[in-house]
Each structure stands twice: as C-alpha cells, then as structure tokens.
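Below you'll find the structures, each written out as structure tokens.
Here subunit A shows up in two complexes: once beside subunit B, once beside subunit C.
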Partner chain A sequence: MAETGELAGRRESALLEVRGLRTNFNTKHGSVRAVDDISFSMARGETVGIVGESGCGKSVTALSIMRLISEPGRVEGGEVLFGGRDLLKLSQSEMRKIRGNKIAMIFQEPMTSLNPVLTVGSQISEVLRLHERLNRRDAAARAVEMLSVVNIPAPEKRVHEYPHQLSGGMRQRVMIAMALCCKPDVLICDEPTTALDVTIQAQIISLIEDLKDKTGAAVMMITHDLGVISGISDRVIVMYSGRIIEEGTKMDVLTNPLHPYTEGLLNAIPRIDLDCDELKVIPGMVPNPAFLPEGCHFRPRCADARGICLKEPQPVAAAGNTGPRTVRCWKYLPDWRSA
Partner chain B sequence: MSDTVRKDSAPLSGLTGEQEPKFPEQVDGSSRKSGGFLADSAERLFENRLVVASAVVLLVLSILAVFAPLLAPYDPAGQVLSDSLQGPRANHLLGTDEMGRDILSRIIYGTRISLSVGIVSQLIACVIGVLLGSIAGFYGGLTDTVISRSIEIFSAFPELLFAIGIMFVLGPGVINVFIALGLLSWTSYARLVRGQVMQLREMEYTQACIVCGGSNARIIVRHLLPNCFSTIIVLVTLGIPGAILTEASLSYIGLGVQPPTASWGQMISTAQQYISFYPFYSIAPGVAIIITVLAFNIFGDGLRDALDPRLRV
Partner chain C sequence: MATYILKRLLQTVIVLWGVSLVTFVLMNVVPGDPVLLMLEKRATPEAVERIRHEMGLDRPKTTQYFDFVSKAARLDLGRSYFTKEPVMTALTRRFGVTLRLASSAYAIALLLGISAGVASALQRGGAFDSLVRGGAVIGISAPVFWVAIILQMSFGLRLGWFPISGIRSDWSFVLPAIALGIRYMASISRVTRTSMLEVISQDYIRTARAKGLAERVVILKHALKNALIPIITLAGSELGNLLAGSMLTEWVFAIPGIGKLMVDSILMRDLPMLQGTVLYIAVVFVLSNLTVDISYAFIDPRIRYLKGD
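What follows is the complex of A and B.
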C-alpha cells in the first residue's frame, strides 16, 4: 500500500517521463534495436543512475531523449514527456530552446567536448546569450561566476584561456558550468567521469551532487561504474542489451540485487576486504544487438536459466526495503516454479 | 562495493571546504604560457629567417602598391617618344619602353594590379568556396552530391583555358580578371573546407554545441569555420601567386588588363618584340613577378608550418 502510494506520488511529480522508448539503427544486418521499450521517470531533485555494459543502450537512451539520434539511427516509438509535452513531437526550433536551457547534457570526453579555438569563457557565454538573451558583458560576467561555482580557481583569469590550457578535470568542470549556466531542470551526464582519474572523478561527482542540491535539477547519471552509482544515485536502473532489467532504490539494488545479471555485476567488483586470487566474472559476452538471443537476452550467460527463459520476460514489481522496485526476470514470476 | 567508494572518498574529505590545494599543477600552469593560439603561431612563424625575409618583401611590395603615386619617379603613362627604348640610365633607372615611358614607374604601378588581382580574386574564391564547401560538408546527402559534382565539373577544365574562356565572355578589364580568377580557384577552397567540416561535424564539441541549443548556422559559423581558419589562410597565401601568374598570362595574350594601365604580364608581352636587341625590357617585369610569387610561396609555406597544430610543442 505504502509503495503504491509513493509510486503514484512520484508519477504526479515526474519532471521527465520516458514511456516505451524504442530506438533502432539500420545496418546491413537489418534493423537493430538499440533501445527496446524503455520506460522510467525522474522527479525534481532526484538522481537516477543508469548502469550497464558498453553497448547496452545507455547513451542511446540519453541521445534519444535529447533528439540527437542521427542517421542511420531512428527513434521508432514511445514518448518523452517533459513539462506536459512530448519532446519527440517538437519541431527542431522548439527542441533547440529546450536543449541547454531546460535539459542539459555533459559528455564523456572533456578533452574533445570543448572547441579548441574558442576561449572557455566565450563558450559558456554563448549558451547564456543564446537562451537568456544576455548582452556580451553580462554574459561574460556570468561566465566568470559559473566558473567559480564549479570551483575553478582564479576564474576571472581562466575565462580567457583556451581548452588546451586546462587539464581534463578542469575541462569537465567547464562542461558542467556550460551545462548548468541556464539552470536546467534536467541534467544528463553521459559517463562524465570515465575519462578522468579516480581522485578527479570523485571531485566531479561530488560537484554534480552539490550543484544538484543547489539548483534542484534532476540528474540522470549514465555510467558503467557502480562506484559512481553508489556515490550519487537515489535510484538505479540496470540496463542489459537495450532493456531495463532491474530498477529500484540504490540501497535495494546494490545490497539485494534481484536479477542474475545485477548480481553478477556486483560480484564482479573486486573487494578490498576479502582475500581472493581470481576476480569473478560473468561468463560469456554481451550479445550482438543484431543477433539477440530469443526470450531473455541474458539467458545464454545466466546460471539460473530454464526453458521458460526462451519466452520474453515482462517487468514485474517486487518488494523493496527502501522503495518500489521492478525486475524483468522469470525468476520472480509465478510461472517460474512450474517451469 | 562500499569499500571502493570509501577508499575514493578518503582523500577528498577536505575538498568541500578548501579550494586552494586542489590544482597545484594548474595554478603554476597558467604562467607557462598565456599567449594562446595566434601568439604561439606568430612566434613560430618568425623563427624562420626565410619567412621573415619574404614577409619583408611582401611589406615592401604593399607599400609600393599603396604609395605608388608618391614613389614612382614618373607618370607610368607619360610618353616621351624621343626617349623610347633607352637602356638603364641615371634618370631612368630601369630604362624606358617603346613609348618612352619609365619602366621602373610602370613596374611600381604594376604592383597594384598584381597584388590586387592576387588578393581580390582569392578572396572571391574563398567566399564562394568556403560557403559551398561548409554547406556540402555539414549537410551531406543530396546537397553534398550537387555541390561536389559542380566542384568536379569546375576543376575538370584546364585552368588557363577556362580563364581565357571567361575573359572572352566578360571582356577584358581588371574587374573581370578578378571574377575570372575567382571562379577559377573556388573549387580548391570548397573541396578542402568540405572535407574539414565533414570531419569536424563529428567532433564531440559539435555535439556539445547542439546539446546547448545551437542552430546549424551558428555551429558552422561560430564553431566549425574558426577551426578551418588556419587552412583557409594558408590556401589564400598559396593561391595568390597562382592568380598573379594567371593574370600575367591573360594580360600577355591581351585578355587581361588593357593598356595604358601598367601590368607586368602585359609589359612582358609588349617587350617580346624587342627582346633580341633590348632584353632588359622583358627581364625587369619578369623579375618582379618572380620575386612576388616566390615571396608569397615562401610565406604561405611558413604559415602552413606555423599554424599546423601537430607541430605545436
């Protein structure tokens, strides 16, 4: 009862809601489904982590929401509801007003995400001038302010510098400043720390968390690093070959994984407090999206697989200790016992 | 799981408060160099002595062109028929031509034609080429096909023959030389810019700009073209000598600049009648062409090296 109430409450306050999103890529092997029927929602001030291996559709999901999928890819179906409108139906110019203004995005590679021939200050003020119609001087002043918000020392000097004069961590801070300067409602971070070393990673994560608290933005944190997830997220979505296989609060998913894949992922993390000679791995490889196995996509690698797994599993609500959760596995469906 | 996180967060505990000790390498890094891209390139450009010499030559040529009326000892069109075809003397340093006009003055005035033809025609070519090239490279598809095919058609013509054809249609005259040479050389700009834009379009910062809500025009003009800038500059400096030579050729066959306006090519053309007994008449403007073309070529080469980001240390 309490769970359904909370679920309903979240539905109402949902800032961004994705329903049944499908994105395909046309290849020589035919149409490849990179994102298959993804549905989730994000509330104001919430951090949602999306975890999964390379190629599982995390980034494609983010790019589909931003309408950045280009040929040969295509969003085939679904809705992305934001502020009462379906983003997938907006015109290009309406979409431009939302990008960078209402929904901002940070990329994985800070080294190449900034234009090498423009100063960092001019790149931040460009966003401000575009969306807030600030004049040159006000925008430049705000750019300095934003650099100090993201903890860059001597911001009034740094605004005049070029990207090659900054380190990777500093550039990622500039990217965050660019993303947050118009106070977006949603911030999508596509592996923001993957290219950084561990200490800088933690700084960037705590900075994003800190700024999220200040601005009340919802953050979508895409990562393959469960350490990042445990550091930031309220809720975790686990993806495997284009589908959401498990969703729940961070505590539930990380301490009590339901799906065999999530369990395998967590077991694969080396632990400093346990002695072991060999690291645990999940056997097998991620399936090629052009030739997906029948039924559950994880079936060929799953130790628990039974005959019923050849059929498509449907998401099922499960009991969580700290919030509602769903899992997409036959193990939690009534048919399992008879299978 | 939680252990790895705790391990990471330990050295960070101080960073929420203190900011200073966080980036030691960056703080002193700022004193390393603050010149930026252009200052850096200029420094490397003038390290090469040959480039400095060519820059000086180009400067002198520009001064000659701009201040020709002040620097030329005689009126370039002033005829003194009694003094015709005289070799170099004290009052005519490079001698006189068949009409008794001072050759030095005509060469000085000819600088104006050569430089303006070189620069203006390349600017025309540059505008057409950059516009079409960036559109083709950015949008791709049918647009690209149409533009690429026209590039191929235009560059399939033999260069001088094409120029002669255009001049035949337009008629002789300096302005028409600008147009003909512009139409002749836009393809190399278009081809180069198209390739670069295609490559830059896939860069992450282009995507970052789209994510920030930038329109296509803004992305091309503000983000992609500045990245092609160094290539375009080099192409202009290397294109100028070619244009100067083609102008000289056109004037030589009588389709370029018309007399009495002084042009180096046209001077050589006239001088060939007298080459057996007065070779100096044709050598003087020829040397002027060689010096100018050589200076532009050396300067362009130096510029290319200086602006090449791979050579930056």
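What follows is the complex of A and C.
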C-alpha cells in the first residue's frame, strides 16, 4: 500500500511524463527505430541528465518531445504528458503555444543555431512578442535585460549585434536568454556545451544551474559527458541505442552503476585521483539503428553477455541507496542465475 | 560600410574609364570611313579633307581620345550622322521606353520567379515542384524570339488580348515584358528553390520552430531573408541584362527603345549613335553591378562588417 501511495505521489508531482515514446526514420535501409519505447518523468524544478554515446537517440528524444521531428522522421507512438495533456495529440497551433513558452530548448550547435541575418536582440524579442504579447519597445527592453541575466557584458550594445559578431560562448548565452525569456517550465538542453571550450563549458553549465534555481524550471540536460552530469543532475538516465538502460539518482548511478554499459562509461572517464595509465574504453561501437543486434542491443560489446541476452531484457526496479532506480539488463532478472 | 561604398565607387570610376577606352578603340577599328559614309559618293577629295579636319579626325588619336572622354564626361556624345540629333538626347528619349520594358519584365520575373521557387521548395518532390522545375528548363532554354513569336501568335493574333507591336498603351508592354523576362523568371525560380532548400535545413530554422513561431513566419522571415542573398546577386546582375539585352525583344515587337536604336544604328552605320548605345550598355552593366554589391552588403550583415571599417 505504501508503495502505491508513493507512486501516486510521484505521478502527481510529475511535470512532464514521457511514456513509450517511439520515433522512426525512413532510410534507405527501411524504417529505422531511433528511439524505442522511452519512458521517464520529470518533476517540477528537477534536473534530469540524459547520457549516452553519440547516435544513441538523445537528440531525437528531445526533438520528439518538442514535436520538431521532420521528414524523414516520424513519432510512431507513445505519449508526452504535460500539464494534463498529451503533447503528441495537440494541434499544431496549440503545440506552438507551448514551444518556446512552456517548454524551451537549447541546441548543441551555438554557431549555427542563431539566424545570421537578424540581430540577437530581435531574435530574443520575437519570442516575447509572440508569447507574452509585448509591444516592440517593451520586448526590446526585456531583451537587453535577458542579455544581462545571462551575463553578457554591455547588453544594450550587444542587442544590436549579429550572431557572427559574438563568440560561441556568447551565442550559447544568447540561446539561453532566448530559451528562458518566457520563463518555461521545462528547459531542454541538448549538449549545450559540446561545441565550446572547456573553460566556457563550465561557465555555461553553472549559468544554466543558476538560472534554473532562479526560475524554477525543470532541466533536461542531454550530454555524453558524465562530468556535466556530476556537476548538475538530480537524476540520471542512461541511454543506449534508442533505449533507456539505466535510471536512478545521480549518486546511485555514478557511484554504483548496475548496467555493464554504465560501468564502462564510468571507467572511460579520465580520473586524476586514480593513477592509471590507460583508459578503459568500451570496445566496439554503438550499433547502427538499421542493423540492431537481436535481444539486448549492448550484447555484442558486453563482457558479461550470456545466451539469455539474445532475448530482449525488460526494465526492472532495483534497490537504490538514495532513491528509486531501474535497470534493463538480464543480470538483475531472476532468470540470470539459471541462464 | 562607408569605406566599402567609397572603395566600390572608386573601382567603378576606373572600370568606366576602361570602358571609354575600349569603346573608342572599337569605333576606330570598325571598317568604313565615317566621313565617306556621311558624304555623298560624289564628294570631292577636298571636301572630304575639309570635313575630316572640321570633325577633328586628322588630329593624333590620343588627342581625339581625350577630346572624346572630356566630351563624354560632359554627356556630349556627338550627333547622329543622319538625323543630326544629339546622341545623348536620343539615348535619353529611348532609355525611357527601354526602362519601362525592362522594369515590367523584371517585376514579373522577380514576383513570379521567387513565389514559384519558394512554393516548389516547400513542396519538394510534389506535383507543383515538378511543374515549376519543368517550366524553368523550358524558360531558360527557349530563345527569346521564339517565345516572342509564340506570344504574338497566341495572345496577340489568335486571342487578340494584347497588341503585338508598337507602344500605343500600357498593354503594349505586356507581351514584350513576358518575352524578355521569362528566362530570368526561370533562373530566379531555380535559384530561389535551391537556396530555400538549403536554408530550411539549417539549424536556425529549427531554432525558429522551437520558439513556437508560425510556419509562415519561419518561412517568410527566418528562411526567405537568408535565401534572398544569392537571389539578390542574380537579380541585380539581371537587371543589367534586361536593360542592356532587350535588343531582340524590342526589334520583334517594334518597340522604340535603346535596343532597337542600336540595331538601327548598326544597319545604318551611324557611328556616333552606335558608340552611344555601346557606352550605354557598358555603363548600365557597371552601375547595376555596383548597386548589387552595395545592396548585398545591406542585406547580409556579415559582408557589411567584413568589408566595412
């Protein structure tokens, strides 16, 4: 009984809940599933990190939530519950009222994500005029304000500049200003620092963290860098080849990884405290979604694989020290011992 | 920005000077003695010599050239051998007609070319896209006089909707403008389509959609403004082409513009008039390129700052 109570409580506090999301792409190898049965939820004000190697479907998950998947891609199924409604069922015009307003997104490529022929000021005020119905003057004033919020020096001068006049870090700050100007409930950051210098990376991450605390937005932090995760997240979701393979609190996942893939990822981080000469890189590569291995997608790269891994594992709840967690691996299923 | 414009202006002056030199040389190497052309066959050698002296043709070529340049700079291009009308007056009068024809052709080409290009990019692979692309191939490869004659026969003679020659009313310009503008319309629709397809796959278009903007705003504001950059280059250089390349069209439709003036001067060996029209064409080209470059800098901030201060 206690458990149902806790579950119900969690569900109630969920701000965004994704259930069974599946997204396909039509390619020359036929229809390819890039995101396969993804389910997770985010609470108000929470930071959820999504990690995984390049090509595992992180961006596609984010874009599917925003309904920004375009040809040749298509969201095939699932639900994205937000504010009591399934976003996947909204009309285009209802969805537009949510994008940039309730759910905003920052992209991986700051150099190319801003329109080169519009001033940064006009690109920010455009959002305010659209969603907050501000007039030109008020929107322009708010744009200056937003630039100073994201710590851009001389904002009254910068608003009149074009993206090419700003450095990558500055542009990403502009993107953040643009994303946060309507005080969204959810901020999706798709590898916001991957394209930036290491020193700038830290600044951008702490800026996002800081603004998240101020605005109370829930943040979905997509990254392939576990360092970013350890700096920011409450909860971590590990993706592999279009699926969630492990989920839990940051503490649990980083200190006690359950899935062999998560373990491999953690071993691949260079550590100063441990004096070892070589990094343990996971052998092999993420499979091409067009030619997925049978059963567990990680099986061909997994040192622990057994015969049973040719069948598809289902997610199971596991014991976490600091919160609930799940893992999708045969090792944690009762059949493992007999296999 | 100002330095950039200044630099371009200076370049233009140099090019114009080169143009004057080339024109002068050309006029001096064309076969046929202008004096003999002007005078009747039975003129005495003395009379020929006298006229030659009066016209300054017996002076050294360099003197003649500087004389020509200094007069040309004061817009004095001499007089027609036959009508005795000052060349500049004839050019100005005819220019009005050509300008009207070229700007109608230009407006039609830009308006229809850009809309067709955008629409076909947005419906890539659809029926309309195929229609536009097919039409563009025909439009680009069809010779002007062929298009002109087809238009004259169908809309002029058979349907009787528009006049087929002369310039009695505004309607007289419709068929010539289509004939003149059709290949530019075709090439503009192609460039627009390609440019638009490239732009709509850019990251900033995805950003614009992620902001919640309506598709109309995404296309017309965020995409088209970027897609216009190559279109402006093309469109600008084509205004020059239209103004300077209306010879065939004017001739087929009997429109008394500069193109027809040029053809007539060639046929009549009216050298000062021919020289005037050649200069006109060169100047139109140079000035329209100048306009393109400057407007290019206005629309694309990257160039404005790159080439600027």
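Following the convention adopted for this analysis, the second predicted complex is superposed on the first by the 331 of 339 C-alpha atoms of A that agree within 3 Å, B and C clash if a C-alpha of one lies under 4 Å from a C-alpha of the other, contacts with A are read in each partner's own complex, and residues count from 1 in each chain.
Heads up, the rule we're going with is that a contact is a pair of C-beta atoms (placed from the backbone, for glycine too) under 8 Å apart; a residue touches a chain by one contact, two chains touch by 3 or more.
Nothing here was measured: the structure is a model prediction, and the numbers come from that model.
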For this session: Using the overlay on subunit A, decide if subunit B and subunit C clash or can fit next to each other.
Result: clash
For this session: For A:M178, decide between first (touching subunit B), second (touching subunit C), both and neither.
Result: both
For this session: With the two complexes superposed on chain A, say which partner A:Q203 touches: subunit B (first), subunit C (second), both, or neither.
Result: first
Seminar exercise, completed: Between subunit B and subunit C, the one with more contact residues on subunit A is chain B
Exercise. When the two structures are overlaid on chain A, which partner does A:A290 contact: first (subunit B), second (subunit C), both, or neither?
Worked result: neither
Exercise. Where does A:S230 make contact in the superposed view: on subunit B (first), on subunit C (second), on both, or on neither?
Worked result: first
For this session: Could you say whether A:S113 touches subunit B, subunit C, both of them, or neither, answering first, second, both or neither?
Result: both
For this session: Name the contact category of A:M66: first (subunit B only), second (subunit C only), both, or neither.
Result: both
For this session: Report for A:A268: first if it touches subunit B alone, second if subunit C alone, otherwise both or neither.
Result: neither
Exercise. In the superposed model, where does subunit B crash into subunit C, at 4-12, 76-84 or 274-282?
Worked result: 274-282
Exercise. Looking at subunit A, which of its residues have contacts with both subunit B and subunit C?
Worked result: 66, 68, 93, 96-101, 104-105, 107, 109, 112-118, 126-127, 130-131, 162, 165, 175, 178
Seminar exercise, completed: Touching subunit A in the complex, subunit C uses residues 202-204, 206-215, 222, 225-226, 229, 299-302, 305
For this session: Flag every residue of subunit A that touches subunit C in the complex, lowest number first.
Result: 66, 68, 92-93, 96-101, 104-105, 107, 109, 112-118, 126-127, 130-131, 162, 164-165, 175, 178
Problem set entry | subunit A to subunit B touching residues, read off their complex | 66, 68, 93, 96-101, 104-105, 107, 109, 112-119, 126-127, 130-131, 151, 153-154, 157-158, 161-162, 165-167, 169-170, 175, 178-179, 198-199, 201-203, 206, 210, 226-227, 230-231, 254, 266, 269-273
Exercise. Which part of subunit B faces subunit A closely enough to touch in the complex?
Worked result: 1-5, 7-9, 11-12, 15-16, 19-20, 22-23, 25-27, 29-30, 33-34, 36-37, 203-205, 207-215, 218, 222-223, 226-227, 229
